[in-house]
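Down below are the structures I want you to see.
Here chain A shows up in two complexes: once beside chain B, once beside chain C.
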Partner chain A sequence: MNTSKNNTAQADKGGKQSARNHPFYDPTLKSRHVRSKLFKLFTFLSITFAISFLLFFLGDMIIKGLPAFKQTYIEVDVTYNDKTIKSTRRAIDKKYRKVVSRAWLRNIPRLVKQNPALMGTTQPTWVLANSQVDQYLKGHHYKLKDKYRKLIDTMNQDGKVEMRFNKIFFTHGDSKIPENSGFKSAIVGSVLTLIVTMVVAFPLGVMTAVYLEEFADDNRWTQLIEVNINNLAAIPSILFGLLGLAVFINLFGMPRSSPLVGGLTLALMTLPIIIVSSRAALRSVPDSIRQAGYGLGLTRVQVVQDHVLPLAFPGIMTGSIIGLAQAMGETAPLIIIGMIAFIPDAPGSIFEAATVMPAQIFTWAGMPERAYIERTAAGIMVLISILITLNALAIYLRKKFEVKW
Partner chain B sequence: MRPFELKKRHSGLKEKVIRFLLVSAAVVSILTTFGVLFSILFEAIEFFQMRSFWYFITGTEWSPGVADSKFGALPIFSGTFVITIIAMSVALPVGLGSAIFLSEYASPFMRDHLKPLLEILAGIPTVVYGFFAAITVAPAIVHFFGLFGIHASFNSALASGVVMGIMIIPVISSLSDDVIRAVPDSQRKASLALGMTTSETIKSIVIPSALPGIISATLLGLSKALGETMIVVMAAGLRPNLSWNALEDMTTVTVRIVDALVGDHEFNSPDTLSAFALGLILFIVTLVLNVISLSLIRKFKEKYKINTL
Partner chain C sequence: MKKNLKTKVSVKDLNLYYGDNQALHGITMDIYENQITALIGPSGCGKSTFLRCLNRMNDLINSVRIEGNIIIDKKNIYDRDVDEVAVRKRVGMVFQQPNPFPKSIYDNVAYAPLKHGIVKKGPACDELVEKSLIQAGLWNEVKDKLSEPGTSLSGGQQQRLCIARTIAVQPDVILMDEPTSALDPISTEKIEALMLELKKDYTIIIVTHNMQQAGRVADMTAFFHMGDLIEYDDTETIFINPTLKKTEDYITGRYG
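The block that comes next holds the complex of A and B.
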């Protein structure tokens, strides 16, 4: 045992000796390799950090937001008569008044109108619960007196409490009553704003790209436009808000907080994204297509319009969708032009005051009630799912229509 | 019948009209830049007619809205600076590390799957990052430092800085990755053939070659950090605070711009116009950063004769 150990040691020594005598022997080699491995580890850890953050972040939003899609309803006796229609809080027994949503009571006159047979009766009805009750049942922070907590506990045992899908979130606009607030007016506002954005930015962007790629000569003027577009893409978004405020609202007198102003402001921000991607798409169309067109006696406009543009179209669409997704998530310039107003009803036109999804998220995030926090996270889930869908669509379009020349 | 001639005469006019339309579309982008510049400049000049420019640059007290209002933006600049430094010290190592991993170590399969994930990080709206910073990160920081008995503000510069850094990671990693991949393989092979290890090759050959592009990416990230609004509006404070302590609350240029313009101030009061003065400084600084960044990347492209970046 002992001898064999000695032998190996000696052999090792001999091996080292011979290595040392080797002309390329580098005593630092081992540490260099260690350092190389450490460096690789560092790069691996950085990307792991970035991606685990992403997962943590999405998980955090889902955990915070999912409860908002469920809402508590309780079964209580509701009295329908002339008195309670006028003063709706009397429709419910005193005991329950504090646990029922004020917003639901407003429905009583409508319910009676829909079903006149209810008049003069007292019916057990499923009623939207107060947000504090809702938060209590979801195990969040709540402000509820012990008396009401016990009441809810007993009701829960009797099966008079139910969690239902939160339809209100998708059918209502913003509200000062947490359980009655929804994302609808923000979704409609976003759609209107983005329609304005795309109607303005898409043609302008594609035309600029066509001009730069197909018509312009490479001179100073073209270079100026190019440098300018690249700079435009990097201007902080909030400064576009200052432009919108100073030019569209103060100079042109367009209505404040309206999708029109918001859409125009976002259009100017989206323009460089569309231009850059459209140019790339146009550039990828091979010159042989153009030359074939000219060879047949077509004019430049005909070549571009009938041959180059259709071939570049999928690429242009992909870029535009990505630009659209970016515009959809933009908040800062819209705050500056006043699109964080309190909007309970969905706007009907692009001239009315409106809010957009990210602005609604911003507003809710600043609310003190706990119920708004889960709504904020739920709004974020809706917004991010739309954005991911849009980006997936863009990738799909690119994969499907991409032509390898 | 001479169909060819007929058609040609028609399209001659059409050609001119379309050309005119295309040129006017291109002019819009120029108008936008000048629109941004002048709309900010004019209001800022109006502000500086009311208040001293010198005090704005060097003054240490920012107190709008009161009778004897003062507009010394130094504490605002310092807050912006501190938060930006924190953001860059997160974004630069992580972004660059990710870029090196993606371009030098990752297999094509890994690369194809990891890169889109980083792009998702870039696609998340900043208001969402802001919510995350305010609701999750800031309390966590307060709690963490509380364990050591150190007081941290709920609006600490650290919370918004770290989250902003994460937001900037993809800005840096994406461009750096492109640039590092553009470095010719012959350089790597020559270095490896001389007996350098992989990391030595990367550190002493690849990175120096790609340096203009990496600096360009860093400047772009820096300009993004300076102009970032939602994260700091939601997670950083409102109080102008001339301090280097990242655990205190601080305010930034963008926060004060939003604060000055949200609410019912009279438009032509110095309170509101101060936003445009701050905006002017922001515009100039980011413009300079962008111009340097773009010219660096252009030189890099010319050196390696690539036109896909």
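The block that comes next holds the complex of A and C.
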């Protein structure tokens, strides 16, 4: 009351500022408006900043990675006979030898076996081009002599050069010949590893969460366990790799570099994430549901199995999928247990040596050839697409099965 | 105490402690069969705690320690050889907030009887569901939408669904912990009418803050204060001619 009277008095003295002479005039209002506008601006700026970084990263990846999904093929005459099967280089005219992929030439014996009619003939064939030719045509840095550049230019004019979809990227494993290298063994390795991870971590994690949340007494031991689980989630991932190396490989003698060991190691890492998120999901189930169950003479196990778990399930799924996505992107612990090896063939079982997507990206990123840089970006695109899909799936599941109260 | 009435639940010298804190002091009372017994008293007086002793719901709280006997049908439910889950089957409970399971109306009612093996899936179960819903006065409102979720019903309907769910287990005693305090007056009236109907088959014990409600439905009323049973008598006596000044003060709203 007092202040408002003072204000009125001051405004009266001002005379001209009659706008201030009303009961709702607040002298601090203007500066408050300014401050709130500034605050809003800062929050807006920070999100703009974050999004622009993300867009820049994604844009860069797409620009660098997209060309990797196209690969150059050229049409040359290929001679199939006994000599060329033994020494495949000779199948191609000397002029073209330097522009054709060595990897493709290795296929000649197989092609003849598949189609014996080819034997003793010379056929114009679409052949995978060398990575240098590919890079030259894509307008990147290349190491191609003038002679071959001219050759390719003339071939291009004659319609003997074609860009095709790069099937090799999805059907082949890693290779020392850039145009022959693909992501398949890494994808298969990741899938196998994550299957092991989920088979181990999901039941263990959910059961632990159920025990801690629904059955355990709240005493010192459970508190200690709780603190340790939270700490486990914060341990640097490379230490899990060392643990995996020491326990699974050295102690139990499991095969090195295998999805089995990788999966178990990642399971150790994913466990705390699953436990913490499952506990949160269980805790969010209203207690009235448990009370209702007990009131009807149901046992604790019946209440948990039939009422609490189904209600917590969307939350548990979401947390597990996010843990899975995190495990999928994990590299450090897998380096320690040897999953960074050069793996040309996709592993057939969880006991064979394998690599995973992020490890393959890491390997390619260290290669000098331009073609590998392209593949690094393409690999990142594949990995990120899978991660985005998984996260979208998590959101979808949560929305779909969420119970409305 | 009263003529022509059979004692259903006999509470003898019941003490209850939350850790070191004693919440109930030597409660002794007889609750009669096919009567509605109301427990009244100010908040924190122990009436809900007492109610939860009657079906051993307090066992779920670790810090609770209980002394004394509660004898239902000649057996002390706190005897060592009595399983608390079996007690809750015979002594059903309805809560303050309607808490149907987020399942269909049918499953809400059928779930517990199926689990207890009272009925098998099929026509017998359908019959039990129908019977329970009719008894709870909900059948006409939901008979065409039994597969819809129980949570889609209105608050009052949900509470009647909870009652149907409780009687489907075929208990002897039904405990109601402020069953209408979250409901509007019309739903409250329906629940009260239902209680009067149900008392023919069941013994009902109800905790209520609503004095008029106790007056309207209860045959017997017990007044609790600070963990003590102050006075327990015919509802009429308690409301019109209480023996103790404390009871009279509370009933007339002079303190509470």
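What we mean here is this: the second predicted complex is superposed on the first by the 362 of 405 C-alpha atoms of A that agree within 3 Å, B and C clash if a C-alpha of one lies under 4 Å from a C-alpha of the other, contacts with A are read in each partner's own complex, and residues count from 1 in each chain.
In this section, a contact is a pair of C-beta atoms (placed from the backbone, for glycine too) under 8 Å apart; a residue touches a chain by one contact, two chains touch by 3 or more.
This is a predicted model, so every value here is computed, not measured.
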### Query
Of the two partner chains, chain B (first) and chain C (second), which one does A:295 touch, if any: first, second, both, or neither?
second
### Task
Could you tell me if A:238 is touching chain B, chain C, both of them or neither one (first, second, both, neither)?
first
### Query
A:218 contacts which: chain B (first), chain C (second), both, neither?
second
### Task
In the overlay, work out which of chain B or chain C sits against more residues of chain A.
B
### Task
Determine, under the contact definition given at the top, whether A:133 touches first (chain B), second (chain C), both, or neither.
neither
### Task
Check whether A:186 is in contact with chain B, with chain C, with both or with neither, and answer first, second, both or neither.
neither
### Message
Show me the chain A residues, by the header's touch rule, that chain B contacts in one structure and chain C contacts in the other.
### Response
297, 299, 302
### Summary
In their shared complex, chain A is touched by residues of chain C numbered 55, 57, 60, 62, 85-90, 92-95, 97, 99-102, 111-112, 115-116, 151, 162, 165-166, 169
### Task
State the interface residues of chain B toward chain A in the complex, per the touch definition above.
4, 8, 11, 14-15, 18-19, 21-23, 25-26, 28-30, 32-33, 35-36, 39-40, 42-43, 93-98, 100-102, 104-105, 114, 116-121, 123-128, 130-132, 134-136, 166, 169-170, 173, 195, 197-200, 202-203, 220, 223-224, 226-230, 233-234, 254, 257-258, 261-262, 267, 275-276, 279, 282-283, 286-287, 290-291, 293-294
### Query
What residues on chain A touch chain B, complex-wise?
24, 32-33, 35-36, 38-40, 42-47, 49-51, 53-54, 57, 60-61, 64, 203-204, 207-208, 210-212, 215-216, 224-225, 227-232, 234-243, 245-247, 250, 268, 271-272, 275, 297, 299-302, 325-326, 328-332, 335-336, 338, 340, 358-359, 361-362, 365-366, 373, 376-377, 380, 383-384, 387-388, 391, 395
### Query
Considering the complex alone, what residue numbers of chain A touch chain C?
217-218, 286, 288-289, 291-299, 302, 306-307, 311, 403-405
